[in-house]
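Notes follow the structure.
Letters are used for the chains, namely A, B, C and D, taken in the order the chains are written, and counting of residues starts over at 1 for each.
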């Protein structure tokens, strides 16, 4: 309840940590976790994520935000200040294959994903029962490339109505338009079923099979307008061999996709991921 | 001393294993290890590798080869029959970075690579001391793309003189010509410092850094005329994060390159690798 | 439908594979997969698992079993012959924590576990809804060490009624009596939440935390009368560090437990696991 | 040259980071890397490691140490302040098996281990050539349990003469006495060839084979007087299966031992390891 998070990036120089920690101390906040990174101590960019415990944070939060503006100006900081009690609201997009959705719902039920899953949107009906069984609103919006604009208008409307902070594409097999992406910068998390940058685009398991790789993988990344080129949040792989046909690769891959996406979403919800120059810093 | 290996590939049909195992039994050979694979039991291609122990193999080997011709004809087999006492002769090519060479020499000294390392060829002098210290002939042949034909002529001459079966490119940073490759089909093993097909070509660690991947890898493959497109024998990866700059990626990668190449060479020497349609079956 | 499996173990000697493969060929069976292992080619024990495709297996199966008796006698074989269409029947035992049960149900729904899940038995009510929702009979049998005999009598009765081949302890937190174990040799698969033989017995995550290990693991094994000492089928681990408290270890561990148990059960159902001298051969 | 490291542990309370970072800023030091951990924000113990760049550190170091005493007193800190240019001096102890020693020498030659390897002590002669070839003093001190006191007296004398900071037991197969251990608290790093706490004591690979584990491992830990019970720094594992006999396990294990020990030594040299209640915090 009294937990807060401060994320800052700014040009590196001596004194940043001193200023921030002095600021937090002045509110009697105790730093619980702190991670920092500098692209280069000489003239590079500095990033820090601080998680702190602050008595009566609810009452102080507004004032803290206002007071921090001054420090931010002094060091030319980009920053965000988020009390943990302000839970993020998530929308999940899914198509026919449910394994990634199910993994997210499972982790959410176990208390491992601290978010409100506000709605699930799908271009198929397969997920309806399990989603509605958990009392989560389910919206069936058929989609194909000919009606993309119209579909996305409906989706954006729903996201707005539900006040969504995070959009997870849990194997949603439709390409989003630049318009949709631009409306949600660094807010859309996708799972791609290969270890990027290998096998960008469609049918990665088929192509992995043709190439005869000995490892298959999955990659979770933020969506940008370059297909499968957005900042990578997490990747993992599993070993395969000549006996694995395409169907076997898909089965093995499902398990990697599930865990990679779940980790990426979790880190995003915990404000651990910072995007910088199309790469991520994961604290 | 009495150990032999039989590798066979042919159209799949019932009766193949019966015929081969009956043949081996007629020489009183005991099957020690047997691995098989079929691309498709219905009309696919069948592969088998059998390692056996046969009393007095030295005396029988010639006769066995002659007698097997008949079975091979019956099932339209491609096959090879190799007594283990006929040790393969290996040439290692290396440039300035020695970690892969050192790993191979180390494993060879420990008795883990059963081969004669007949010579080391390099376009630099860095490796001379360690190679000659082990009483292995070292040949310094400066190379660059302008004198490629002439350099390869010298190399091919040396390979012929030393009666070489296997060529290992242990971070040899020169491209081989189609002529050289054609002269050594499925005999040249390369280590590429990325998880192929990601980062084909030059400077993979630099590109991995730019892309912000969370895994880096290495791939050992047979060399064909399509750069980094040959049949993959083995791959592995290591986790990295935003803190790893290019130099750090290279350090982490060296350790993967070492072990991936050593495994691939070992499997090749043990006749465990079969190439089929630009992919490998590793038994 | 025409798929069959033959498992054999016997003293190693030349001619075994020849005899078996000749036998299968005489029924026009095509060998699809074959794995073998010998503890020692000189006087050791030989193991083989053959999966084959045999036209009209249903009609031939009885005759094949009878005819194989002769070969078996000749080589002193222990053997089993199982048509794949004879699906095994599984009982799952569970307590309060459902993650392992859910993983098995999930894999079963995806078609990855070929078995009839005939019933679920629990000493708690937590699993009832999900189990009955899939139309699987659920039996609530409260248990504690004082009423063990009586509880097991009920359980054994149910197992008999449902004609059970495999019992999976999916985090069933009760110890079984020697009587129960003896009635089901190599048929009870347990998941233990540590990498055995480390942390045998109760509260492994607490003890892993106290010891400060950098890896936690899970082990699936057959149940014998020596607690956590039965033949190990599969193990896996995950990295942890000083920041992981006991609760965090449990969360990370759940994911390993799920996948380790699922793999072990799958291999058992596919007749890939042979027990020999309190160890397993996994083909 | 201007790089320094500050390690602190003290009772957790608000204001610690503010005080330390203010102190460093007052010397115009720029924090390059900072890691912290608290066993419990409410009344637990707080740990922090800060690496910083400070202009003219050589001139300021003495003064900084003196001035820090005051802050340390205020927060009841245990602390160490180490300029990176004060390179640690390492002694390596080895017996007959050289793989761990060779890995350390290799990493040291590559510049990955920043230390002076001041001497190698062995109870066998196997390592002499390679050690002396690198111009490192080699001392042959035969050892067995009957002459332990005398042997250790010689060793301690050598350690003193060479002003040693770190002792690495790179497969040194002798047990150290409490006297020796007490003289070098948290300074002796051992590699044990199992994933502790499994297979404490002698012949772990033989016992792993007997138990039929599917994973083998290695553990690097500080030496205490409880055999193989000291604080664990690093562990890793590799998969094995029924085909691996004891000899094969040892081969596979050697590769894990090498990398686990090298990582542990590297982290220790970089002052990343803090011991707390027989566990390590690795920053």
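Just so it is clear, a residue touches a chain if its C-beta (ideal position, glycine included) is under 8 Å from a C-beta of that chain, and two chains touch if they have at least 3 such contacts.
Since the structure is predicted, the reported quantities are computational estimates derived from the model, not experimental observations.
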| item | value |
| --- | --- |
| Most widely separated chain from chain A, with each centre as the mean of CA atoms | B |
| Euclidean distance of C-alpha centroids - chain B vs chain C, Å | 37 |
| Cα-centroid distance, chain C relative to chain D, in whole angstrom | 42 |
| Multi-chain contact residues (two or more partners), chain C | none |
| Arrangement of touching chains [line / ring / star / complete / other] | complete |
| Touching residues on chain A, where the partner in the complex is chain D | 12-18, 21-22, 24-25, 28-36, 38, 41, 53 |
| List of chain D residues in touch with chain B within their complex | 99, 102, 106, 110, 112, 251, 255, 259 |
| For the chain C and chain D complex, residues of the former touching the latter | 37, 195-199, 211-215, 217, 231-237, 241-243, 278-282 |
